[in-house]
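Shared between the two complexes below is chain A, which pairs with chain B and chain C, respectively.
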Partner chain A sequence: MGGVPVGRRNLFSDRRRAVLGIAGVGVALLMVLMLAAIVNGAMRQVTRYIDTSPADVFVAQRGVTNMHMASSAVPLADLTRIRALPGVAWAEPILYLPDALATAGGRQVAYVVGYVPGQPGGPVSLVRGRAPGPGQVVIDQRVAGSLGLKVGDSVRLLARTWRISGLASGLTNLANTVAFVRFTDLAAARNLSGITSYILAGARGDPARLAHRITAATGLSALTRAQFSAQERALVQDMSAQLLQIMNLAGYLIGLAVIALTLYAATLSRLREAGVMKALGARPVRLANVVLSQALWTVGAALAAALGLTFALAVVLGRTAGNVPVVLDPGSVARVAAGAIVLAALGALAPLVRVWRVDPMTVFRR
Partner chain B sequence: MDDIEVRARALTKTFGQGEVQVQAVRGIDLEVRRGEVVLIMGASGSGKTTLLSMLGAMLRPTSGRVEVDGVDLATLPESKLPEFRTRRFGFVFQDFNLLSALSAEENVEFALNLSGVTGRRARERAGRLLDGLGLAGRRRFRPDKLSGGEKQRVAIARALANEPAVILADEPTANLDSKIGHEIARLLRRIASEERRSVVIVSHDARLKEIADRVLWMEDGQFRSLSEMAADPVCGMAVEREGTPHYRHDGQTYYFCSPACRDEFAASPSRFLAPAAGLSAPG
Partner chain C sequence: MGTQVPVAWRNILAERRRLAIAVLGAGLAVALILLLEGLWSGLLTQISAYPDHVRATFFVRQPGAKTLSEGVVPVSAAGRVRAVPGVAAAGPVLTRWVVLDLHGRKQVVTVVGFTPGSLGGPWALAAGRTVGADGEVVIDRTLAAEHAITLGGTLGVTGRSFRVVGLSSGTRSFMGTGYLFMSLHSAQAMFGAENTATFVLVRAAGPVAVRAAIAGRTGLSVASPDLVAAAEQNLYAGIMGKIFNLMVVIAFAAGTLIVALTVYSAISDRLGEYGIAKALGARRGRLFRIVAGQTTVLSGLALIAGLLLYLGGSRLITALWPQFQIELTFRALGVVTVAALLMGMLAALVPTRRVARLDPASVYRR
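Right, the complex of A and B next:
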């Protein structure tokens, strides 16, 4: 069994200071956790079209390895060659262009997918209505809700007016949405002929081997669904990395400032007691233990509070703002916990120096 | 094997250098036997606390040596001093110096933790010590809920936790009323007599003389013989007989710390002669 938990007792003997310190650090960690959770959720949404696609292999123009902010043009002649390759169960083209859904009620940036109705490439979960006919579009129900649209309404897209034939789900994220029209309609809207953006292929057997075979036969870029999804996530992460780093840094700096101030004030108020402990024979390591345990209890309690609040916010946001999915994964929690420990260590530095230097002779000062 | 627990030889402590140099302790020799209570008295700034700090291994002497239980403190490296303090000394302070966030029991446990006794063993021993000092009902109380006398008894329990050979007490009765101060004094006496521990007390409190085996007077960093000292009848301060203001009255000579005290006495001697006070009778 251990000794008297002096650090914990010191921390919680002044409850107001303890609560303020924990709350301050908790808010900072909440910021970091929420950011991670929102980014995680957004990442899942960003790749949802790919992840839910029945395609085993995505084929793009040579050198293109993702969809977001990419421009890919593949000759339709290659579709025939791919279909003829061994191991190909099916192959279908999709056109993929960025634009915006527009109504009198607002705008929403949208990636438009042109596919052949009845074939893979369209919306996987059609929650209302039906696949698009000529001049028709399927949009995400979340966008429909926010723009006040329903099946049968009209919407502007690609400088044309389309009638909404159905509503899909799960394809809207913070930044954009996905809309589906017929392949031929999209080609006509953009005067495209003889080309497609991507070719989706189903594999008989190992998708990786098929992807390799397609690349070898056509010179096109062919990746398995998992590879293609990972490339997409990496690109989005690269684009947002700096912003995320700045926001994380801000969160950690706020946390550091709060914990450093709290610990320093707590240590100063008990500096004489540190001298008493030294006089009684406590080694500097024991005193360091007292300070560090206060720091760890502060960040531990703050992390627990921040985690609880993040889960609560995830539930609330899930119900009120479905396009902001909040996904807290164990990796993010582990990273924030590690960050919190670093925070505790850094915050304890100045107090450690103070108690390290305290003179046991202070016990004799009146 | 002799009975000497603490032995100081030619102990000197100098603070500062050059013009600001202060010699707080000057060549002190001191021996304290097991079971003995030594009271060191003296005016503020006389060097009592500096001496106590050196005896308690908190301050290295400038020269001279201190032996405790046969161990020369000068031979101990800095890293060994904390453990030595924990095991050989019990400290009792004027301001009690209890850890404010801990209960009475935890304060005693903490001292035990420092010597490696933890958990249930520490708690049980702390409890026994507190019970023995009449604090059974106060174990879970934090210092702010204890009276001055109770705090000092907790501090004494803490000092006894590791069964030290030597108890060093700095003004242990100064913040207590006379009744409680008397109780604490008797407690220290009992600890010395019954548990055969050496007790060194530095204090201004003349009442502690009752429980002391020896009283030493310290002035300007040195011990003075009590026979050379007299008490100022006005302020009660101990003063040397030589070179200090004095006044003859009714066939006796009285000694004063300052001309102001002498003049006040001379104006009305009867005001100051009624109660008997001081370290020794006027000569």
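Right, the complex of A and C next:
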């Protein structure tokens, strides 16, 4: 008796029903996986500028610890003080302001980075063209594609017309893109003088110690690149956390209903066999194993289907909505797998009760 | 086999526990579609809350600016606007995103700097008073409650301390962000934006003539609040719309699979009866009507269950997370009704194939 995989055979005895059940649970898990993958993708994209920056330390206005949706104003006088501190290899200002790239064909929200030409803060690498000269802008190749722009074309930004001098990559996300202009151009366009948004600093030695030294000397907020990047990710996580909780709960509840339905239907159609097993002396544990193995087969297959669909959707979204990166990390998969096992256990409850209550005599009454 | 026998109804009611799980599962999918549609409607309403409620006739902005946070104008522009005949009031407003760190969580707010006593301040106060001087803020009441911020207490914003003098209502926005009102001088000092604003709000009589006169005198663009609201909604709809639509499609697929699984299981359990019906001369059309009748009954029950689950779920969500506004619109009701009907029709496909392929002679083999 022990070697016969009754649960698996029961589940797949009617393949169409098994496929419907697995697809139902798979679709519910797909919802949870997709949301996690979209948030992961957004987090990776939103920190791209920071993660690829040569800066060891990011300095901002006191109380400011990230860039996305933040406003920071630091007096340029602090730049001189920071450069004079021991352990500072270099320090450069950047202006960072929200605006939008606009053409006759469309608009894209953009953070404009104003940097000093030849110094850190600009695009790390260009896929085409060159760094911006006066009145010129470097934009991301993905947004260039969606707006139908190429090097040498004109684009509206900061209420002015700019010529595109080059294309960068990997800086367009779900919500916005990044554009680079000269520091002086951005300051003039926004009528700013004597301030910068952030100061980027290179460290001689330990970046954490330098960050601490800068804060102590200036009162400004100074974080290492890793800390700054983590703060940026925390913003995305905090903004999406509650919506994710609601969607995840809905996804798991739907999954629970489908798995309960699948197991219940499969159990009901094989109730006579359960009676035979009982009549032959099968203990409740053996019957429970049969139901639980069906549950595990269902969620296992459903998880595999959901993973496959997530990868397929990532490809489709990549082609149709290029700025929605979908990144599935092992942590998310592990969390969804754990959730699926809980679903399997809960979904098995009603069929278990039904099987345990089967009277072996029913076999002979039919 | 007369047509007066409600076979579909009897078949679906034969196993009531399975029916209950199915109605609950498909109802959850319907409720999720309603919830997504409701959240989306609420989101759009929240996004345009400022232009919708600020009681201005025009937004005077930098040419090319579309959304609320774009552009920069000199504060002096407000004086030139006031001099236009027909202008009753004009006030410069500076808006910027700021990320607050509250109890270890990042909270994005839109700082609105306005001239106390002029246009641009909070439109509905739940407690306290509006901003009367520098160093004072009015914060959304739900945001304040989430973070235990009380009237008369202090709030740190980018390293500066403000006294909370009022709690506003209806001032939450996109993805849980909220408005934070302060004086124009406070905002300018905080952002290092002396003598500049983002736009000038105007209240005027005889709007058509006044609009042309303002544009002519200042060289700035003049937009109605409706236009600003539409631009805000378009911007965020573009960002989040794809994700919401994807989730609606997934919820629809889950609901369809649940209905299909239930009816398929009900038919499989009574395959003998269908064989007899075929042997007695029931045509395909009659059998399809029986299957479609079951899926339609189930979809109808799921629609009712979904509405009830939605009513309970939406109340729970807004009680737990008051930053979410959920609005049930006629459009949303129409969408789910059509979705439920479609679910029923699509779900009939697999069970119909099963019945259509059934050999009447199989009845005698059982």
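Here is the rule we go by: the second predicted complex is superposed on the first by the 352 of 366 C-alpha atoms of A that agree within 3 Å, B and C clash if a C-alpha of one lies under 4 Å from a C-alpha of the other, contacts with A are read in each partner's own complex, and residues count from 1 in each chain.
Please note the rule applied: contacts are C-beta pairs under 8 Å (C-beta built on N, C-alpha and C of every residue); 3 or more make two chains touch, one makes a residue touch a chain.
Just so you know, these numbers come straight off a predicted model, no measurement behind them.
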Next on the checklist: Once chain A of both complexes is superposed, is A:V358 in touch with chain B (first), chain C (second), both, or neither?
Outcome noted: neither
Checklist entry - In the superposed arrangement, which partner chain does A:M69 touch: chain B (first), chain C (second), both, or neither? => result second
Checklist entry - After superposition on the shared chain, which partner residues are touched by A:M247: those of chain B (first), chain C (second), both, or neither? => result second
Checklist entry - Of chain B and chain C, which one contacts the greater number of residues in chain A? => result C
Checklist entry - Between chain B (first) and chain C (second), which does A:L79 come into contact with in this model arrangement: first, second, both, or neither? => result neither
Next on the checklist: If we count contacts the way the header does, which residues on chain A are in touch with chain B in the complex?
Outcome noted: 1-4, 6, 9-10, 12-13, 270, 272-273, 276-283, 286, 360-361, 363-364, 366
Item to check | Contact footprint of chain C on chain A as seen in their complex | outcome: 14, 16-17, 20-21, 23-24, 27-28, 30-31, 34-35, 38, 61-66, 69-73, 75, 98-100, 102, 107, 109, 156, 159, 174-175, 190-192, 194-195, 219, 221, 231, 234-235, 238-240, 242-243, 246-247, 250, 253-254, 257-258, 260-262, 264-265, 268-269, 313, 317, 321, 324, 350
Checklist outcome for this item: chain A partner, complex, touching residues on chain C are 15, 17-18, 21-22, 24-26, 28-29, 31-32, 35, 39, 62-67, 69-72, 74, 96-99, 101, 105-108, 111, 156-160, 175-177, 190-193, 195-196, 235, 239, 242-243, 246-247, 250-251, 253-254, 257-258, 260-262, 264-265, 268-269, 317, 321, 323-324, 350, 354
Item to check | Complex interface listing, chain B residues touching chain A | outcome: 49, 52-53, 56, 58-59, 79, 82-87, 91, 93-95, 97, 99-102, 106, 109-111, 113-115, 118-120, 122, 142, 158, 170
